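See the structures that follow.
You will see two complexes here that share subunit A, one where it goes with subunit B and one where it goes with subunit C.
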Partner chain A sequence: MMIRAAVSKGRPSSVPKAGVSAGAGAVSIDAAGLETRELNDRLRELLLSGTKRVEISHVCGQRYIGTRLYTPERHQMEIDIRGTAGNDLAAFLSGHKITVHGNAQDGVGNTMDSGEVVVRGRAGDVLGFSMRGGEIYVRDGCGYRAALHMKDCEGKRPVLVVGGGAQDFLGEYMAGGVVIILDFDGESRDASFMGTGMHGGVIYLRGTARVDQVGAQVEISPADEADRELIEEYVSRYLERFPEVEMTKEEILASPFVRLTPRSKRPYSGLYAY
Partner chain B sequence: MFTGSTDQARRAAKKELEAHLSRKFNDYFDEEIPTDDSVFVRDPPLLWRYFVLPRKEGEDEAMADSDYIVSQIMAVNTKIENAYVFSSGKNMGCFKGVGYPEEIGEYFMLDRLYRAHTWTVHGRFPTNTQAWWGGAHPFGLLDTTVVHNGEVSSYGTNRWYLEMYGYACTLQTDTEVIAYAADLLMRRQRLPIEIVAKILAPPIWAAIDRMDEKEKRLMTALRMTYGPLLMNGPFAVIIGETGRMVGLTDRIRLRPLTAATRGEIFYISSEEASIRLISPHLDRVWTPRGGEPVIAEMKGYEKGYEKGHEKGYERIC
Partner chain C sequence: MRSFVFPEFEIIRDEERCGSCRGCERQCAFGTHTYDPVADRLVSDDHKCAGCQRCVIFCPQKAIVVRPSPSFYRPNASWTREKIEDLKRQAETGGVLLTGCGSDKPFRIYWDHILLNASQVTNPSIDPLREPMELRTFLGRKPEMLEISREGEEVEIKTELYPNLTVETPILFSAMSFGAISYNAFKSLATAACRSGTYFNTGEGGLPREMRGEFGRCAIVQVASGRFGIDAEYLNVAQAVEIKVGQGAKPGIGGHLPGEKVSAAVAETRMIPQGTDAISPAPHHDIYSIEDLSTLIYALKEATNYEKPISVKIAAVHNFAAIASGIVRAGADIIAIDGLRGGTGAAPKAIRDNVGIPTELAISSLDRRLREEGIRNQCSIIAAGGFRSSSDVIKAIALGADAVYIGSAALIAMGCTLCQKCYTGNCNWGICTQNPRLSGRLNVEIASQRLSNLISAWSHEIREMLGGMGINALESLRGNRDHLRGVGLYEWELDVLGIKGAGE
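On to the complex of A and B.
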């Protein structure tokens, strides 16, 4: 039993093309009443016509924003979104920089290949799901199953940085990449099933983690010197993107960090062996 | 609701239902539910509403009115062909059908004819059974309604257990068992919602092992006693009651649910965007934890459950 897309049908789709207007260097799209496909068609047309910056206003639940923006010539665009971005924002994202001035829903960066997503708010469940490259920065917290099956791929190493906490099943079946959870709101302190089925990549969690909070395959160790250098680099990048965060780098880094890594690259190698 | 492929079949079901009602109830007023026939809906059933008072005779006299009404609903739904009761509240109405939610809303003229302090709306795409008017959400019994996104894979076990308490599952879809479980646990057994949530979505044994002794005993007892009411599979539900609304997901949150507040208004939805459509500005938005109910109570309707399971739920207002 599925719930139909909250937005997809509501108003008539006869919003004129005049919804697109050129501003100071950026093209504006008013997404009010636009269906998912119309909005993404518009973005693709703009990309192919050489547009470098797009501002989308009144976004409310439209899905897959930023997908289908691959070109063999690797055209690149910056997309600013105002409103609430719908599920699977930046799915299969190929380059490009997307900034959401608001909250995002589930599945941000689903199978994202490259580029950058910045969420000035919170994200829902399955953030960074199957992500294989690029970077995602979320100012506040996120829901369940962040970094589910995130992976390294052909020299790419995805990075996910979350300012708030992550709820249960962070890094489930994680196969590669870097996740940094700053846990400003403390939500991760009660989270369970972190790294369940994890067999690659690394999670850094600000604070501590108990054995009962992580999957059986996960090794908890304090972040060492090399880890802290990496963390510092990405905390700097996080703070550059969110100057509104009222913490300094020194304050953030003054806390302990733990590193979660898989004990084995093949946790299930013996499971079906006869 | 009277179904059937011909008008004659629907009228025959209505006649039979009314004969049943006249034996069991005093009918004070009845009418066809007003609809806007300019809205196209496919094969609408005959929809009729009855305002009745129980007329209990013989051994039924000992029954509470609410139990009597529930037993009569089950009798109608199982024994009278083509007649189903899908709304039975004193101060609650279910309006549902096959079509897009906005079409159903327009068909029943919800904006023109009704006012309420609590609204639940649901759009469903049936994946496992055929779409029909009785299978639409919400499912209601007396003043409690349930809408549901997900799949109750324990339906068979739940249904078998509920049948022992006189609930007949006739509406051909899994959500029905949640509505009847809520009625059994909350109305008949008077369990507080915090406990009911732990019956429907109990903590896993590993989590119970880590609890303090008192909580461990409680959770173990609940799992032992109410094992057949565990709702397995992914779900997010919203339970609506007089003066109260509860959101709950399965314990590992396999379906989304977002809660929000603006002033004294509480919202809960599968998606934040649908809340923002109604209230673009929100004071607080959050993702409830799996298996932990979010409870919003209207002022003046607080249910007064204070002691006991202190943590693990949030109370709004």
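On to the complex of A and C.
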């Protein structure tokens, strides 16, 4: 007697393709009324069928866009999102370029490995959490706990550039990577607990930072020439992605920048009795 | 500062037998034994001895005995030697007391107060040497009901099943990371798991790239608060993904792998710079609620194309059953519950010995709670923390666990003697160290054979005990508390365990 079981392997490939249409060069998906899983099913199907560019319209909070796009063959895709991307956009992202024409909710780039995310708007809390590679550009500001526990390693250094300000706990537990906060709206002036527990990486903040705004483990110093070169490179890339930003590179760079770095990469070395 | 602490151990060397071969000097990474060339004899510094017994077992002349130091303070029921010496160490360093392995405190070990049933006359017992005995276990979410169609001889399950782990015996290797343990120890666990039809758990140290192809098929990979070593390939080569929220040895706190242990290979696998402290924060900073946990569970389901069960590991603490119910409703397919006696490579002693509840009580509470809420089918339970023998395992199954994780037991199989000095990185047995001179002592072929032998021996004993109860499939015993009786337990303990007293 044979017993066959239908084991769930993602979605069967017979999902109706309603809402998917091929435009000039890019395939379009209308996300109106689609559940998160349905939208991501379609994206994965398109990736596996060799599609290189996708435009998704009417996105309204669907989560995990980009997360299910890993293949052992490392297929790559460019995705344009119109609307508001839901939580965990680009979580665990492995390559790909995602542009959101609108705002993004919490958890953008959670534990992201590589690729690029561009948000033409604002991002929510825990932006770039534990990100270890790739780049994220946010045109406007972001919420609390951005760049938490960002880290880098041999050959991989994540970069997060935010045009507006960042709220409290920016770079908490940060272990690596580069964060540049341009703070156009001055929101970061009131932020506290920046870099608490920081033990690696660097945060550049346009303007100034007071000692009472940062964790005890953080050293505040003015950006030196090498720092400013790095900042200039990423400000240029930021402006390339957001031509609508009215400030010029020169205007942005005319401001002072401070550098936040950890005092030690071994913050707990003296804590224990052996 | 001069230390006022007694040596923990006393080393006795039989000078008649000692051939001054200096083997003990080479074996001890703590520098306990040194050779005095003038006197042509070995001298030992009791203060440095960890009591790991490596030199004793490897002395070719059997010339060494290491035993607890007989020195004592004036006997005092409150101020025991351990309390006095811990206090002195803190006065001398100003530091948090660190320790390794599971708690050694005399909390009641319920396994030793629970007895199994056996068949007599009616419902005859079964001989596992002659009759098939089913230990195979499926871990993951089960459907509410099964729809089956039948055409002639062919039966087909119509219901779409959820992804499950298939394990040939209900014993899995608990999470132990490369970094906490040596590469050879890690690879031995992986090798034995694949050979024995079970799984090893990577812990939060990543899975070395060169191991992914061969050992992914028997790996459970962990996503913990430090998010070390995670990329999409890591998640996809494994058979299940486990979100680590808590650990029995240190509920409520995170962990730090000290920079000394972050070697080039560990750094590469964890994807962090060499020599930095690898800090796992106490909470996941993207999880402050059950809803947030659900977000991560589904992020991992998305990242693995809904092909793998997602486990959530929590420490057994006072109100954990209600939390676990929330975790199941958040989408977890497996709950791993780690009790009071769960092991660790490093934990503050104050936490290890004072926080959490015993595994035995936790299994029963969790199983009962999920049954009462009608959601027991939605997840499997893997119990962890202090399993020492096959009889502990079978009692756990009868209390409601689907399978167990063994950590300390697996390390002991490889040579560990529970000396509790894991955090020093000087493990003379080559298990809990990144020093290549020490880790090279652990031969992967031999260590994995010892592990496979253990799994095989325990599995056979479980079959014997099952057969004795007249049961031929492990799943008939799951949560079947009628086969258990308690001895020497208070009424409330019997109630929490859900078992009767012996003779009742």
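Side notes on the structure shown:
The rule is short, and it goes like this: the second predicted complex is superposed on the first by the 254 of 274 C-alpha atoms of A that agree within 3 Å, B and C clash if a C-alpha of one lies under 4 Å from a C-alpha of the other, contacts with A are read in each partner's own complex, and residues count from 1 in each chain.
As a convention for this text, a contact is a pair of C-beta atoms (placed from the backbone, for glycine too) under 8 Å apart; a residue touches a chain by one contact, two chains touch by 3 or more.
These numbers were taken from a predicted model, which means no experiment stands behind them.
For subunit A, the partner touching the most residues, choosing from subunit B and subunit C, is C. Touch criterion not met for A:Y137: it reaches neither subunit B nor subunit C.
When the two complexes are overlaid on their common chain A, residue A:Q167 makes contact with subunit B while staying clear of subunit C.
When the two complexes are overlaid on their common chain A, residue A:N87 makes contact with subunit B and with subunit C alike.
By the touch criterion defined above, A:G61 lies against subunit B but remains apart from subunit C after alignment on the C-alpha atoms of chain A. Shared-chain residue A:Y238: touches no atom of subunit B or subunit C.
Look at A:N103: by the touch rule set out above, it reaches subunit B but stays clear of subunit C. For the contact definition in use here, the residues of subunit A common to its subunit B contact set and its subunit C contact set are 1-4, 6-7, 9-10, 87, 106. Those residues of subunit A that touch subunit B in the shared complex are 1-4, 6-7, 9-10, 60-61, 83-84, 86-87, 103, 105-106, 122, 124-125, 143-144, 167-169, 192-193, 212.
Here subunit C touches subunit A in the complex through residues 89-90, 92-98, 153-163, 223, 226-227, 230-233, 235-236, 256, 258-259, 267-268, 270-273, 275-277, 279, 281, 285-286, 295, 298-299, 302-303, 305-307, 423-424, going by the rule given at the top.
Those residues of subunit B that touch subunit A in the shared complex are 100-102, 122-128, 148-151, 173-175, 206-207, 210, 252-253, 256, 258, 269-274, 276-277, 285, 287, 289-290. Residue ranges of subunit A in contact with subunit C, taken from their complex: 1-11, 36-37, 40, 44, 63-64, 67-68, 70, 72, 87-88, 91-94, 106-107, 110-111, 113, 126, 129-130, 132, 145, 148-149, 151-154, 156, 172-173, 175-176, 197, 199-200, 265-274.
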